[in-house]
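Chain IDs A, B, C, D, E and F follow the sequence of writing; residue 1 opens each chain.
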Amino acid sequence: MMPDLGRYALEVSLAYIASLGLIGLLVLWVWLRGRAVRRALDELENDRSDNA
Amino acid sequence: MVSIWQYANPLRFMRTTDWLLPIVAWLAVAVTAVGLIWGFFFTPDDFRQGATVKIIFLHVPSALMAINAWIMMLVASLIWLIRRHHVSALAAKAAAPVGVVMTLIGLITGAVWGQPMWGTWWAGDPRLTSFLILFLFYLGYIALWAAIEDPDTAADLTAVLCLVGSVFALLSRYAAFFWSQGLHQGASLSLAPGTRVDWAYKAPLYISMTGFGLIFVALVLAGTRTEIRARRMKALVARERMA
Amino acid sequence: MGLRVCDLAVARGGVPLLEGVNFALAPGQALVLRGPNGCGKTTLLRVVAGLQPALSGTVEGGEAVAYAAHADGIKATLSVAENLSFWGAVYGAGDVKAALERMNLRALSGRAAATLSAGQKRRLGLARLLVTGRPVWVLDEPTVSLDAASVALFADLVRGHLAAGGMALIATHIDLGLPEAQELDLRAHKARLPEPGDAGGFDEAFL
Amino acid sequence: MRDLRLALRAGGGFGLGLAFFLILAVLVPLGVGPEPEVLARIAPGVLWVGALLACLLSLDRIFALDYEDGSLDLLATAPLPLEAVVAIKALAHWITTGLPLVLVSPVLGLLLFLPGAAYGWLIVALLLGTPALSMIGAFGAALTVGVKRGGLLLSLLVLPMYVPTLVFGAELVSRGAQGLSVGTPLALLAGITAGAAAILPFAAALVLRINLR
Amino acid sequence: MRDLRLALRAGGGFGLGLAFFLILAVLVPLGVGPEPEVLARIAPGVLWVGALLACLLSLDRIFALDYEDGSLDLLATAPLPLEAVVAIKALAHWITTGLPLVLVSPVLGLLLFLPGAAYGWLIVALLLGTPALSMIGAFGAALTVGVKRGGLLLSLLVLPMYVPTLVFGAELVSRGAQGLSVGTPLALLAGITAGAAAILPFAAALVLRINLR
Amino acid sequence: MGLRVCDLAVARGGVPLLEGVNFALAPGQALVLRGPNGCGKTTLLRVVAGLQPALSGTVEGGEAVAYAAHADGIKATLSVAENLSFWGAVYGAGDVKAALERMNLRALSGRAAATLSAGQKRRLGLARLLVTGRPVWVLDEPTVSLDAASVALFADLVRGHLAAGGMALIATHIDLGLPEAQELDLRAHKARLPEPGDAGGFDEAFL
């Protein structure tokens, strides 16, 4: 399955791992921050409707 | 005919992206996966570059998206300055981190590629240098957003910075080409002088370019949604204090 | 001529503070703004001076304003006289000597502004008003740190300005000794909370 | 204008930019080593980077002091247009920082073994380029005026914008040193300065108004 | 100590020193030209000068903010000895500025074609030397605390005091790059840092008390 | 215990301002300093707080002082509660929550200090006194920018402090509503010009 990368195995796999890793980190950050903000907002809205 | 300005209404934007975002996100994952898997597993080695040619499927899409992200921020900033559509300003804010990561990927893959190709991680090449300068502009833009408390003021200031910065980024690019001739490929899809690019490379390349574009759109939509919520939260907290 | 504020609403940091503020000043009139700490006096004055946009409503005559804020805009390294003549030059009007005389600063005129005491600095800030030559004075707590004699001096100054056809809009917490001035209590103009869900959820999202 | 004289007087740091430039020219040989060939090779670049940093260090004075003591509020309500205030302040910054650098740069060239042919071009390049540095810097200072001690943020914003000036300026000097044609960098440098002086006061005034609000 | 946490939080500019360092590493090749041999030759010096300047630009935050808002008066009358305040502030400055520089320096070495053997020594040198930079800088900041926007004056006072650190630090790296023995500069660098940490807090506290008077 | 000032003379920028100042505060006592602008109140308080050396005379008990100056020592980027807990940590004493409550700042406790109005900032500056746990309060015009309600709150605060055995030394121009406090008019202590040739000509050369 794994293609033969020859002499450049290290470089090519490094490039793929680093890039996908960075994108993964970015996605994770966006997702976590989105979740945190959404939760905080929901809490606030609940408080508000409780008070109203 | 529904004007696109309607999406400047945050509520409408949220409602639309509610169903749009998952579609774009999954599409992005699928297209990128197809492009990269094709590129990594099913392309032949180049006769001169060997397996390193496979890096192109990461390098070129990320480099393009890095530049496009800045252009998108520029347009969004203009819209904010002229028509004061809040969603537009927040979209620009959300695009910046994505742009930075794309720039970083472009830099890293380029450096990793440069090691076998040019025998060096880094070279005094104009395209490389101007890319690094773009990275700095991104950092400055993000730092300015972070440094200013009031959201509207921050939006205004970063928008002006984006406009003025774009002019200087363009000038820097020109200056970098003046400064050195460089090793980097020209802006055509020819991998090396004299070799025609085969569809065996072009097809997966275009697919991953689309994939990266979709990733960008998905992340910007998600980020904008978060920023809208954060903004609303700020407003609610402020209102609480009033009472 | 004159200053006219119509149905003004002002906000600070995205929070509406005051609304429905109406007043007009004709030449020779003064208005004292009153209200507890944090009610929005400074914000209102900044809007009138044109430094900040209003949330709604209009200000007419705002370009004839000389503004004096909490901070005095004094350059610590310049002398008292130099500070004043700088502002005199900017406004292209006013007699620096007379202003120094008037605010009892002549003895200090050669001193670097950094070495003034709190009250002396404030007197210098007020002397600046005289060299602007502007008819409308917008003053934010002008008598902070002043002793009783200087407060009386200030009241005199304002009275002279009014007599010469000027106007004054003053925010303060203390008694200025200006019985002829009208008063406006800002507590009556506190902004109401917008009803939840008011404007179809759109404006609400950002206030 | 009087503003200029007062800015000079209040700025105080007439000789300081110079001194910094001097120190940098001294430090670089210390860090790099004393070989004349190497130093001569890098002299134009180092002098330009030094000029850039000397400018940078004095930038935060342009508006921050006025902002803190409330003068900026008062200037904004004064009859002078804010664009003129910005332009005058940038000019004052150039006169207190850029101009002295231009005048003293040949001396520092000596310290760095700058080739003889380059001296004239060094002065021309700095004379043409430093006004752009002051103007761009004023824009950056206007952007960060509300940020307390925003020195580092300011440099992050401003230094990338200095790149074109730096490249053309250094290129002009090193081409001059080698006797090559200098027309293109000269024209470009002049163009950047002219463009910056024409447009940036408006951008900076806009940004200042936003910051005061 | 809490002071440190608050200093970190209030300082804000954690990444900014880094960004400045990065910018400098980009600017120097732009000024000097793209030849790898020249750049490799000057890399240790440039990196050290860059670290120095990044430190320098953030120095004025150490005391000036506290002085302006009156906190320094209040700290001086607080039960904490002023020497401890100075030491903590210098430490906070190092953690926010010096340490990140150390960590990122290898990447910048890449940009400047630093020879492979030098990377380890670069880190060692910076790790040993940057605390001295922060400490000396705190002393300089204490000296100029009464001067408004004394950024340039501060650099003028501090840069000469940085010279020994710079010389030994750069020497250590370039010797390391050439595989020569590094014992002497290493010992001297460590000595400077230890000496600075032992003596300067007292000098700085003394100077602060005088400035407050 | 207590603060005792004996025959104190103070100077500012080389100019003698006050001389022969004598007073003593026992626990539970307060002293209000009065005098026109520029007479040397701030200078005297700085000497008492130990920030500046006296020209002559002594201050006993100066190390137990909590000083509040014209400037409040507030970090604009920190929140109200963080500002207070910083000072609480420095002094290793005091209950931040109670201090917030006491100065009516609880609603503002999460706000960045930069967004406070002038009077709110001042209230925060006064709340700091509560977390120092120091017996002697040395206050320089503490009620600047405060509205009437806050001035009353401040008077209450001082009264509570005195009742708990504290002391207060306050320079002010306005009426604080503290009738129990003693007053000291500094006009009576204005420094005389040194007689020419007084001190053998040596000190004179530098005065």
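Rule of thumb we're sticking to: a contact is a pair of C-beta atoms (placed from the backbone, for glycine too) under 8 Å apart; a residue touches a chain by one contact, two chains touch by 3 or more.
Everything numeric in this text was worked out from a predicted model, so none of it was measured.
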Please state, in steps, how far chain E lies from chain C along the shortest route of touching chains.
-> 2
Selected pair, greater C-beta contact count between A-B and B-C | A-B
Any idea if chain D and chain E meet via the same residues, over half in common, or different ones?
-> same
State, to the nearest whole Å, the distance from the C-alpha centre of chain D to the C-alpha centre of chain E.
-> 24
Geometric centre distance via CA averages, chain F-chain B, whole Å = 56
Between chain A and chain D, what's the gap in Å when you average each chain's C-alpha atoms?
-> 41
Per the centroid of Cα atoms for each chain, what is the distance between chain A and chain E, given in Å?
-> 35
Multi-partner residues of chain B (each touching 2 or more other chains) = 133, 136, 139-140, 143, 147, 149, 175-176, 179, 232, 241
Listing for chain A: what residues touch at least two other chains?
-> 48
Of all the residues in chain D, which ones touch at least 2 other chains?
-> 65, 68, 148, 153, 156, 159-160, 163, 167, 213
Which of the residues in chain F come into contact with chain C in the complex?
-> 12-13, 35-38, 42, 70, 115-120, 123, 141, 144-150, 173-174
Over in the complex, which chain E residues touch chain D? Could you list them?
-> 13, 16-17, 19-20, 23-24, 26-28, 30-33, 38, 41-42, 44-46, 48-49, 52-53, 57-58, 60-61, 64-65, 68, 148-149, 151-153, 155-156, 159-160, 162-163, 166-167, 170, 174
Sites on chain E touched by chain F in the complex = 2-3, 6, 9-10, 12, 65-66, 68-71, 73-80, 212-213
Quick one: which bits of chain B touch chain A in the complex? Just the residue numbers, please.
-> 36, 40-41, 45, 50-52, 54-55, 58-59, 62, 97-98, 101, 104-105, 108-109, 112-113, 115-116, 215, 219, 222-223, 225-226, 229-230, 232-233, 236-237
The chain B residues in contact with chain C across the complex are 9-11, 86, 149-152, 228, 231-232, 234-235, 238-239, 241-243
